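Input: structures, listed below.
Paired with subunit B in one complex and with subunit C in the other, subunit A is shared by the two complexes that follow.
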Partner chain A sequence: MSAAPILQVRNLRAAFRTHHFGVRRDVPAVDDISFDVRANEIYGLAGESSSGKTTLIKTIAGVIKPPLELVGGSARFAFLPDCESLAQASPAAVAAIRWSKLAYIMQGSMNVLNPVRRIGKTFEDFALRHIGSAGDFQQRVEAHLQRVRLEPSVLRSYPHELSGGMRQRVTIALATICAPDFIIADEPTTALDVIVQKDVLAMMRDIQGAMGASILFVTHDMGVHAALTDRLGIMYAGRLVEEAPTDVIFRGALHPYTRHLIASLPRIGDRSERKSLTGVPPNLANAPPGCRFHPRCPLAVDICRVQAPAMTELATQHRVACHVVTGEAA
Partner chain B sequence: MGAILKDLLKYNIEFRVGSMLIAIVLVMSALSFVSPYPPSDTFVVAPDAPPSAAHWFGTTSRGQDVFWQLTFAIRNTLAFGVLVAMLSRVLSLSIGLLAGYKGGWIDRILMSVNDTFIVIPLFPILILFYFVLRDSMSTLLLAVIMACLGWAYDARLIRSVAMSLKAREFTQVSIYSGMTTREILVREHLPYVMPIVFSTTMNNMNWSIGLEVTLAVLGFMDINSPTIGGMLYWANQHTAVVAGIWWWIAFPIALVVAAFVGLFLLAVSMNEYIDPRSRLARMGGGAR
Partner chain C sequence: MGDYIRYAMKRLGQFVLVVFIGVNLAYVITHATPIDPVEQSISASTSFGNAAPEAIAEMRRSLEELYGLKGSWSEQYLAFWSRVIRGDFGPSMSAFPTPVSSLIARAMPWTIGLLVTSTIITWALGNYLGALAGYHQRSRALKAFGLAAMGLHPVPYYIVALVLLIVFGYVWPILPISGGAAMNMPQGWNWPYVASVLKHSALPALSLILIGLGSWFLGMRSLVSNIITDDHVVYAEIGGVDRRRILRSYVMRNALAPQLTGLAMSLGGIFNGAVITEKVFGYPGVGTLLVDAVYAGDYGLVLGVTTVSIVGVSLGVLIIDLIYPLIDPRVQVD
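Showing the complex of A and B:
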């Protein structure tokens, strides 16, 4: 790929650190993660609940506050090249890029609209300061709403007067009004039914195509990833275990965790039983040594129990962190 | 807003009765502007006359027309209640919103002040103020003192709402979008707590009017400006009950009770409008 990365994440570590009654607890929720997001692509992050997806993107977006702390590594945006990570950037620098360059569609985005403010007021509250001129703001908002197929009349409505799908579209319009270069979307479609979801996803693709933004899209819903993302990173217990173009993940995943994840998806016409993995995801406060997947891994060998596997590029654009897989390939 | 009022008038008997009583009280206080007698003049009419066509509510032993005297009294008393409510709303809103939103040591300091005001016994404090200030005690000064004493309960209520608002997604997005604390509190959180403020305002007015009447009846007030309590004070001074001048006592009491009940009913119906669950319960629906 020739496009330069718009986001470079290198060895990023973040942990929840608490200090109560003399007892220190460290929960490494994001552990040594590296990946790139290229300009104009949709990068998906998948993983089960508590695998650290939200923590990772919060760290990237710089919206971390205690007990979550940045421990090490960097997350560098192309539009802010001098800055190691937003968590360390000056407030002025962060304020300058937020919304205008970096939009963040938060988890539970159905509720980002204040129930007692009209939609138009919410647009003014959140976006006006980032656009600067008040003169053509109204026209700009209406034109942008048209892009997500909403009537200008929604600006006079309260959130409760809109349907879930409309609210979702308002949220997306709100996040993209300033034509940001990078959009972080944290499970924006989770609360919607599949029909509305399909609609919203198609729209996100349209907007992304029209504005040339990159999206970092996080959800545990593999169906959404299949429909939307260009490349996919799989997270397990705070680490990235596999990364490849989305179709490669679905057709030829290498990591045993990813393989189980894909195998668990229902397929039309396939009547065979779906096997679930034994065990549960590890408690990150007391993570297993070595590869964090080894207690549940059917392929685990001795080295998995002592040494954490590094991400290794096995084929072009296909990286895996697994001793067994990379050992076989080598 | 108009549609809401219409609905409330149509379906809510409390609101209907409450607004009727308040309307009577407001008309009374408006009439003070066309009163034929200045409020502080005495012996302008024949004293101790019972209610008649000429003097609807009778006259006092001080030679004042009870009806016209009452229009001034209720106006001053209402104005006092409104003033206390406004001032204490400003205090309770700013302190409640700030404490709830900021949390941490700001919350702890503000709430310890708040709790102090909650446990202070009000009545002895007010009497103390009167004995210290004596002649310089005016209605305005008393209103300010009462406002400074009457914000604490509602600040706690508003704080609890603000704490829940703080955790909502729209607050997170507001922070992310770069809004300042003041903007978040005023633009995002204030509209949310306004209905609660409306309802507590009326209760606060009831509380302050009640205390004002109590203090004035006992004479711990500027007794020369006509208020409901002041009228009752003078009636007692002239032993109106013993002398059989019942109209001097009965009409002020009736009017202030009307104001009380009216405000209370408005607060109750407003509450019901704010809380859909109690509306549902009244309609016979909801969780049982």
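Showing the complex of A and C:
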């Protein structure tokens, strides 16, 4: 587990920036986030809706468009060491690593295939320039489709002729066809029923094991994280609040938000009522000062209302951003 | 394939039904006009002298037969259909005794040549520029073009046509302002004649293109600016797919289906001729023929032009329906 990180994110900030009548407004959707993803690792990002998960990975993948802007910090990939972030890299450099080194599985990935293009053509569009000649390519794609248990005939189909689960598997095959070093997966299983979801997760596990890719896996579904990820980062309101190996998070979370998140999960045989946190996640256009969780936090003390807590490593591989837990509050 | 044949038969049935209803309407409307072609012909030919009553009665009988006005209402109706199916609309009244069908056949090549060319140029150019403008939203040149298109769009057609006439006919007289070809030239497939036809069609075609370009441009631009935010386009960009490929196969290809329907509708519509264009530029097409026929009360000719136009529009829609499943694979053929 001590391999050099394949992705280093340092103090990354991104904001939705709007100009109206000369007044600039920033909505800091990604605020001062730092973490590493190691080679061969599945790193999970969890957090409720609108906690900035998708914005974070879009910034990392360099697919941000106005009004979303990179404000500061870096997200450096090991295969592009000279480049602070993909959002600032030259288009040619980005085009060269797209799909051969870095692949992406989009949110709602059942609907990301061009409806008027045969699947085989889509494979050619994405991957042919990275892999060999046309004849070779056909065989390689067919062999790869078998890994996700799809017939070669799907290459001649249009997306609407396939079921949702099949399209999901097509996108997973599409993301892995070039054996990329790094795969960003944004809620790839959220729209699937649990049976298909289990299959898809097992498949991603298998392919990742066989090809040795790192995956940055984003979902709000803690059950999926438990089943798939090696390490887990918890986001709240645009900030990373806790990071630890997945089993540590589930057994011994430290941050009050994470503890609530874990406590809210149903357990077989446990019939006690699940408590909901009071309040709602903050509006980032007008975020609370200090720790963004303090208005809802049962442990909040004075310093939480003034000063944002920094990520502090409390145990090996276990970082938390909370004044109370790290003892700074005293 | 069986599915497709069943689909094609269904569309063909619809085509026949639409043509039948349309031609019936045209028949009823022209026959409801107060003009009696027989009486008009008789009064025209007897206005210069006296004719014997027997001769007039004889004349009336033969004219009634000629115009399909003999017998009871139902007999006339059946005779009308049997003649329509043979492509016979009787003689023209205003150009007696030339048959309506040969008048239409003479005017049709002019109209088709002018309108098919200008419609296709307008469609292709408008859609291509519109797609580029929707895709490259920051391009200054395309933004300027969009403004120009929007500005020109509401200008009435006849103003544009007249301005072109004044500019290229009088101020800077480089193009002929009237007619389909030079008068004193033998018709035929030789270069001087074809060149003369092209030269004469330049102004009417330009006026049609100028006025038609804007709506295709604006329509395509808004279609494309929606499509570029679609997941499959965003995904192709994340996938590093070649930009030109994205524009062609992911953006324009998806916008094409609705625009093609529009093209079929306007191609079908050319069989009426472009009435104002042909009048302003003195073009010898179906539009001129139709207007002259209406003024002259030549209802055989009106009915003939209307029928051809009904068949034309329906045929355009039929052809698009038949090729639509090939353009958009999601269209179910059952």
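By our rule, the second predicted complex is superposed on the first by the 324 of 330 C-alpha atoms of A that agree within 3 Å, B and C clash if a C-alpha of one lies under 4 Å from a C-alpha of the other, contacts with A are read in each partner's own complex, and residues count from 1 in each chain.
Definition applied: a contact is a pair of C-beta atoms (placed from the backbone, for glycine too) under 8 Å apart; a residue touches a chain by one contact, two chains touch by 3 or more.
Owing to the predicted nature of the structure, the values given are computational and were not obtained by experimental measurement.
On the shared subunit subunit A, the superposed partners subunit B and subunit C overlap sterically. By the touch criterion defined above, A:Arg149 reaches neither subunit B nor subunit C. Contacts of A:His160 after superposition on the shared chain: subunit C is touched, whereas subunit B is not. Subunit B is struck by only one stretch of subunit C after the chain A overlay, and of the options 4-12, 22-30 or 184-192 that stretch is 4-12.
Taken together, the two complexes place residues 61, 63, 95, 98-99, 104, 106, 108-109, 111-117, 121, 125-126, 129 of subunit A in contact with subunit B and also with subunit C.
Of all residues in subunit B, those touching subunit A in their complex are 168-170, 172-179, 183, 187-188, 191-192. Residues 231-232, 234-242, 245, 249-250, 253-254, 257, 327-330 of subunit C are the ones touching subunit A in the complex.
Only residues 61, 63, 95, 98-99, 104, 106-109, 111-117, 121-122, 125-127, 129-130 of subunit A touch subunit B when the two sit together in their complex. Those residues of subunit A lying in contact with subunit C across their complex are 61, 63, 94-95, 97-99, 103-104, 106, 108-109, 111-117, 121, 125-126, 129, 158, 160, 174.
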